Amino acid sequence: MQVDYTSAEIASLVGALRTSGTTTRKIQDIASLSSARAGDLSFLGNVKYKSQVPESAATVLLLPADYAGEPKPDQVYLFVENPSVALARLCARIEQSLWPKPPPGIHPSAVIAASAKINPTAHIGPLCVVEAGAQIGAGSVLQASVFLGSEARIGDGCWIMPGCVIGSLCSLANRVRLQPGVVIGSDGFGYEFIKGRHEKVPQIGTVVIGDDVEIGANSALDRARFSRTVVGEGTKIDNLVQIAHNVVIGKHCIVCGLVAIAGSATLEDYVIIGGQAGVGGHITLGKGSKVGGQTGINYTLEPGSYVIGTPAVSYMLERRLQVLHQRLPDLFKRVAVLEKK
Amino acid sequence: MQVDYTSAEIASLVGALRTSGTTTRKIQDIASLSSARAGDLSFLGNVKYKSQVPESAATVLLLPADYAGEPKPDQVYLFVENPSVALARLCARIEQSLWPKPPPGIHPSAVIAASAKINPTAHIGPLCVVEAGAQIGAGSVLQASVFLGSEARIGDGCWIMPGCVIGSLCSLANRVRLQPGVVIGSDGFGYEFIKGRHEKVPQIGTVVIGDDVEIGANSALDRARFSRTVVGEGTKIDNLVQIAHNVVIGKHCIVCGLVAIAGSATLEDYVIIGGQAGVGGHITLGKGSKVGGQTGINYTLEPGSYVIGTPAVSYMLERRLQVLHQRLPDLFKRVAVLEKK
Amino acid sequence: MQVDYTSAEIASLVGALRTSGTTTRKIQDIASLSSARAGDLSFLGNVKYKSQVPESAATVLLLPADYAGEPKPDQVYLFVENPSVALARLCARIEQSLWPKPPPGIHPSAVIAASAKINPTAHIGPLCVVEAGAQIGAGSVLQASVFLGSEARIGDGCWIMPGCVIGSLCSLANRVRLQPGVVIGSDGFGYEFIKGRHEKVPQIGTVVIGDDVEIGANSALDRARFSRTVVGEGTKIDNLVQIAHNVVIGKHCIVCGLVAIAGSATLEDYVIIGGQAGVGGHITLGKGSKVGGQTGINYTLEPGSYVIGTPAVSYMLERRLQVLHQRLPDLFKRVAVLEKK
């Protein structure tokens, strides 16, 4: 990072409630409490690290309003409502200066079909391909080497990173952010076994992505067999995730890295799925349910469930089963003792 | 989708054995029995949904020949041998109209080595790279931004989607279909540990893909250390699958999403592997064996085996072990009672 | 492969200690002991295959110096210190002839920012994008369709395969090798849950890759929330691996395919992680620790640990627990017998 802020500038950017201490140093980097050095900004994001604050060498610290303590010489405490949110606000400002939105226009190396409808405020970077009938909304950015298939639609304010492929007829709403290498609209994995061969079932549906969805690097979302594979508004999907055909994901869900969701599964709103978990086909995860990392779940979950393990059971039961499982050597011995009586 | 068929056109396309009912509506979409509305086509693909047929609002329904029941007014039943196959036939027709094969020729933005041999009926889309000595057969399509390395060979009738990378010397037979982002011929993961460092073992083999193979988005198939990594005719591989060096996969196998197959493993014909399963190196999965989702298998399987779990055991044993595992709290209590006697 | 070596040329290339037998055949391929045919070279890499040597039809065999036995007519034994290392040396030579380093220069189809600093000995292949302020060192190769973001840095002697994306401000040291489709510098997966929505935490850090690191096809390494995600010198990462934000990986580690490492985890030097394992956030795997395939580990490991299973326990305990787990049906019966007494 190449930042250069005075402590007063930072106090203003984060909306500090109160300031304590003074420094003439400028802030040039951000670091954790324990690794920060002079010239760094740090923050208390989690009370369990409270004891590290007095020892931190950071020049500026973002602290909760009720933190009791005073800065060292040449150090500034900025008291804020929520240090994590304050930091995010500062980082958003830094992000804008690091990566300002590229100007409108189409790079001459991009290959654009005559019938594509591209808003004049959109940015189409080098070596993108936009096929016939595709649409791109106001202020959207296709960074470089992005493929947009025929009749696909991208709304306003989207940011599509290099190497993404958005298949024909698929659609992204507004402010969707795709990390590099995301594939939207690959064929669903469907075959009929006929006379010793797996005959392809054509996959003629689409993928529909809602507002404010973010999808991680190299994730793949298959188009529906027919009708639509859906990702609801505000849902965030991590890297290397597989979303099979006809999956319907609700609003504001979290899907962590390397999760696989099989065909026609439904996630209701606010579902959270831990990394490397697998969700079976044709089941529903009820609203707000949570699935632990590496869990294998193949039955429908009631809203608010919290399951873990393969096969998945309730979090509390699994914790108990794990303890007992590790006591099996003892149990076998106890039974042997009883048998000798 | 933008389709527009009369019920008579559909009856002809699917080869209906018998028709019941009439409608003047045209069919414009396909939907499941329960979600279909007027103007939709639906189908009974699985007898367990039989009770949904009389309630379905679909305008045209594909039903098995022995289905007993009569359509509502303004509704048509089409009786067919196999509704799923009939639907696939209809969808194949729709697929062709949505995505007709692009015309022969090489897009001017593609970068083609002078010594590449490209059949004049092949289509090379924008921004593809074809290196020296590479060959592309009759009617094959490289959609866009595809990389074909030196001396690589693609047979007839293949369809390679955007962003695929096919490494030097690798070969695809006929009618191979690669979803976006597939990597064929990355280096195998092989090192010798010498004096505290992992020294690279060069990977100079190739990857050989048989007829009618399909590979899902962002999957990666490593080239052999020497000789060949092989995928047999008719095998279908899902998204985000890892095939390590020197793996030999037989004919007509199914490999689901996020599976990892370690080096030098062999899959005989007709093997099926569930999502996120892992196959150890240097083992053989016998003909027709099945491996459940998330299974970890590190020993050779007899033909026709069905295993599940980590460590993998027979499906029947695993089901029993799962039940007993969940009864551990009870077992511990029973042993405690016995000890108090 | 298209190689063509006499046995004398091979003896010289591998530094044979001693030769036995003669042949006039040239060597044109490499194969395992059991599958080799006349004209092939083979080798005894593992003593457990010793019995296959006398039966091998290979024309030239690389054998350990202490191997007792004599070649058949028209067959040559080459005795070497370490047959695997000797083979690797030969393969390295073949690799160089198959894929010689491309000549310096920038392909005219590449899109290069005026302010990029590219060493004149570097090779920038077709359809690459190099943004403002990016730097590329001596002898490095960007093969084709590689994206290098603003202010990113690539050292000397790197080889970046087609379709890789290296984000803004990220850096690769020297001799780094990226397989196709690798993403370096995607956003970390960080959100704050505020008023029913997951608000993005900007990810303004970078990724720093050390000397001699190799990363497999379609793997994704996220940029840090702030500061740096780090991969240490000599570490090798396989295909489809997810490295989350702020992870710090030490030197000379091995990370196998489809592993997921969650945010802020630390791997000390010489850690080995088996395929599909998951590493929890904010934990440390001590120096030289080993994590088995498909393991789920969510606590800090002492140096030299060897764990396996989900939840992870020591290898020896897990082996014992697995045996006892499979004896549960018997244990339940034994308890029932005791209860009837």
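When the chains are written out, they are named A, B and C in that same order, and each has its own residue count from 1.
In this text, a residue touches a chain if its C-beta (ideal position, glycine included) is under 8 Å from a C-beta of that chain, and two chains touch if they have at least 3 such contacts.
It should be emphasised that the depicted structure is a prediction, and the values quoted were computed from it without experimental measurement.
In a view that ignores chain B, the other chains are joined by touching into one piece. Residues touching across the chain B and chain C pair largely diverge in numbering: under half of the numbers involved belong to both copies. Chain B and chain C have Cα centroids lying 26 Å from one another.
Within chain A, residues 109, 127, 145, 163, 181, 218, 240, 258, 276, 294, 310, 325, 331, 335, 338 each touch two or more of the remaining chains. In the complex of the two chains, the chain A residues touching chain B come out as 109, 111, 127, 129, 145, 147, 150, 163, 165, 167-169, 181, 183, 186-187, 189, 191-192, 194, 196-206, 218-220, 222, 225-227, 240, 242, 244, 258, 260, 262, 276, 278, 280, 294, 296, 298, 310-311, 313, 317, 320-321, 324-325, 327, 331, 334-335, 338.
On the chain B side of its complex with chain A, the touching residues are 1, 29-32, 35, 84-85, 87-88, 91-92, 94-95, 98-99, 107, 109, 125-127, 143-145, 161-163, 177, 179-181, 212, 214, 216-218, 234, 236, 238-240, 252, 254, 256-258, 275-276, 293-294, 310, 322, 325-326, 328-329, 331-332, 335, 338-339.
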